[in-house]
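Right, one structure below, let's go through it.
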Amino acid sequence: MQNLIAKRAAQELKSGSVVNLGIGIPTLVANHIADGDIFFHTENGLLGVTDVNEADIDPNIVNAGKLPVGEAIGASYFNSAESFAMIRGQHVDVAILGVLQVDAKGLIANWAVPGKNIMGVGGAMDLLTGAKKIIVTMSHTSKDDTSKILKECTYPITSTRSVNLIITELAVFEVRNGELYCIEIMPNSSIEEIREKTKAPFKEDWHNNGGQAR
Amino acid sequence: MKIFSTAKEAIEKLESNQTIMVGGFGLIGAPLTLIDELTQKDVSGLTIISNNLGEKGKGLGILVNQKKVKKGIGSYFTSNRDVGDAYQRGELELELLPQGTLAESIRAGGAGIGGYYTNTGVGTELSVGKEEKEINGVKYIFEPALTANVALVRAWKADTLGNLVYYKTARNFNPMMATAADYVIAEVDEIVQPGELSPEEIITPHLFVNGIVKAAKILTKDGVKSIG
Amino acid sequence: MKIFSTAKEAIEKLESNQTIMVGGFGLIGAPLTLIDELTQKDVSGLTIISNNLGEKGKGLGILVNQKKVKKGIGSYFTSNRDVGDAYQRGELELELLPQGTLAESIRAGGAGIGGYYTNTGVGTELSVGKEEKEINGVKYIFEPALTANVALVRAWKADTLGNLVYYKTARNFNPMMATAADYVIAEVDEIVQPGELSPEEIITPHLFVNGIVKAAKILTKDGVKSIG
Amino acid sequence: MQNLIAKRAAQELKSGSVVNLGIGIPTLVANHIADGDIFFHTENGLLGVTDVNEADIDPNIVNAGKLPVGEAIGASYFNSAESFAMIRGQHVDVAILGVLQVDAKGLIANWAVPGKNIMGVGGAMDLLTGAKKIIVTMSHTSKDDTSKILKECTYPITSTRSVNLIITELAVFEVRNGELYCIEIMPNSSIEEIREKTKAPFKEDWHNNGGQAR
């Protein structure tokens, strides 16, 4: 399921793009890139993230999730202020993020759960503000089977900015002028299942993907 | 600039109630030797500015458990549950900042800037109580600069003048912190002669650095190891 | 990222009434080939952000004499008397900023910062009309960020991805300008393959750069010379 | 005369200091440093300025006056924002500057002359704000023999901060709590000449330099 989502997200990435990958499903996106012309940025200070073999692991080269990564040819290192200057100054083309909730306007919550001891925000708010395009990759429902796509987020929002695209194992939604448009039904999913498991109003628009849906 | 032979000497001047910046993103680029020494020093009431407050029972996490930390300023305390627990018990103040704001505010502190406007965090819980300003039609919030009495940083090589270079993603917060404190100590793998570091490659010029000391604890694939 | 074979191609997209940042401190670190090409292009109404507006009849000074420049934003226009004269005749607007403010405002522009508070200039003629704010007992003035449509920068080497390194004090304003414009062209001495520049040494990562072109005019002991 | 002033200024520099030298007389100060433990900073991006022989001149290594300089062992280069961050963040110990005027409170004017076409400020205001100690080196009078030390500057001031020390060919003044104290009479000068050529009130305090004065 995670790989299905990651693979779909990978299709969104245009040649030459600079892409920041969040923790979780987003990390898997790199495995589905055919062409070498996508540049992965990690906010802890590296442009040019690649996979690394177990044998080549260097404990001092990590991604935002503190997992070991490799250094691509043509990579560069920089400090955290410079790294976030890239993000906040709109020099990163795409950020792919996981979320806890997303609402009918495409606003997300991904940094805090009321009443729980999660006291970290990391780079989430910076990416939401600064990346040119935001893609959310997530499971459509949480472990207890409740929808993560809601009329309104019940957790604190990460930004007043809407994301651009939401990819789940069931569907792909585009956010247009603060409204959700379901533009694709994922394999083994159906519009009925999407309707059932989406607790936010959305419109349907399949004109861009032929007979793939319905 | 002083070359210290032990971490103990290096942090001799540190006192209770000081504000201390500590480099690193998790254990990566953290001054592990200096932190360890700090856990053995009799101080209290510290304000620690660091991306996170160590891990459970490790690094800065020990300081927290020792109740030496009055306040933490950082972006990600989640990875150490003890921090959240101490906060809930009211034993620890926390100031949570977006990671980019944390980095930028430290840079501002080192550069003599009083504060700046960012649009990160606007309209979220983390902007509550912060001054808002519209500039060219965009909403921003005011963030004040951060400075400290002491910065403990981790570098790769130093020359004997105090010039520093860093290693890969272990660079992270260290270069900014080295600019933003009155007293800056760098823990390094190697001390070389002036001229051995290329002038174009030096990341922290020596005017920022007050002391250097060789690392006795390093991060390996298998965790933190003591050397030398 | 595009590798242009001529400076003419490189500046094809430049248009009248744009704001253009131009690197350099005097002729040192100035993109001499691109500037020369700009003097041959039919444009007008430009706003130029650069430490100075060339020298009398040289570099950006030619642009001024051609009346292509509507406004100059910089820190030191004194070295070109034509600039002062055009200003007195009302043909040229000038905005004079302290050099540190100029540099910092450009960096802020590239970093998504709306503006910041500095104490440089407080209480002087250059603070007239600027918002004042007291932070922790110190008076500061507000300075807005600077951005541009285009930045013309001078680097030493580029790789084919667009990563840049600079040469000695020819670095000056170039790295910040490379972050603060929508379209960034770098003029370089040498174009190398990815991997030939050390990842720790790269000053401008390629994500900032839209195009590179080899320099055809270089600064020598005996003045500016045309090569290749 | 210039060398006399520069030599006196050099005596103020403590071992280990980071010193920024302005254009003119300040540039000469470097020639009077006995010990190699003074680090010269130039705001265009170099810590570790030295002299350079004619034969070794590199047109791309210059000081703030755009004059060729050399690179000391242990030197480093940085961009203009970093360089001014050093200055404005109070990491430079001493700035030695030339001025057009200095007043009774130690305020200086060194960047603009009303009615003249001088439209440059460069790094003057940044240095005045940020350097820990400011030493002024200047001729006591201007070419037309009028005093450059005035009750109040008639030219626009550079900063609301007073300088710390003023060295001319006639005298050394210290600024204490916004008042001028003449603390030294330079060789071949006299207190009478100083009094005659100084158009600002000043106090006299020789207790720190034995019989040298009077």
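The first chain written gets the first letter, and so on, giving A, B, C and D; residue counts start at 1 in each chain.
The working rule: contacts are C-beta pairs under 8 Å (C-beta built on N, C-alpha and C of every residue); 3 or more make two chains touch, one makes a residue touch a chain.
In this text the structure is predicted, and so the values were computed from the model without any measurement.
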item	value
Intersection of the contact lists for subunit C and subunit D	B
Inter-chain centre distance, subunit B versus subunit D - centres from mean C-alpha coordinates, in Å	36
Rounded Å distance between subunit A and subunit D, as computed from the means of their C-alpha atoms	56
Rounded Å distance between subunit A and subunit B, as computed from the means of their C-alpha atoms	29
Intercentroid distance (Cα basis), subunit C paired with subunit B, Å	33
Multi-partner residues of subunit B (each touching 2 or more other chains)	104, 107, 111-113, 118-120, 166-168, 199-200
Residues within subunit D bordering two or more other chains	71, 77-78, 81, 84-85, 87-88, 129-130
Interchain contacts, given as pairs of chains that touch	A-B, A-C, B-C, B-D, C-D
In the complex, subunit A residues that touch subunit B	42-46, 57-62, 66, 71, 77-81, 83-85, 87-88, 112, 117-126, 128-130, 156-160
Contact set on subunit B toward subunit A in their complex	25-26, 28-29, 51-52, 75-79, 81, 83-85, 87-88, 94, 96-104, 106-107, 118-126, 166-176, 203, 219-221
Subunit B partner contacts - residues on subunit C that touch it in the complex	104, 108, 111-120, 133, 135-136, 138, 140, 144, 165-168, 198-201
Residues of subunit B touching subunit D in the complex	1, 107, 109-113, 159, 161, 163, 179-180, 194-195, 199-200, 202, 205-208
Interfacial residue positions of subunit A with respect to subunit C in the complex	16, 18, 39, 41, 47-48, 71, 73-78, 81, 84-92, 129-130
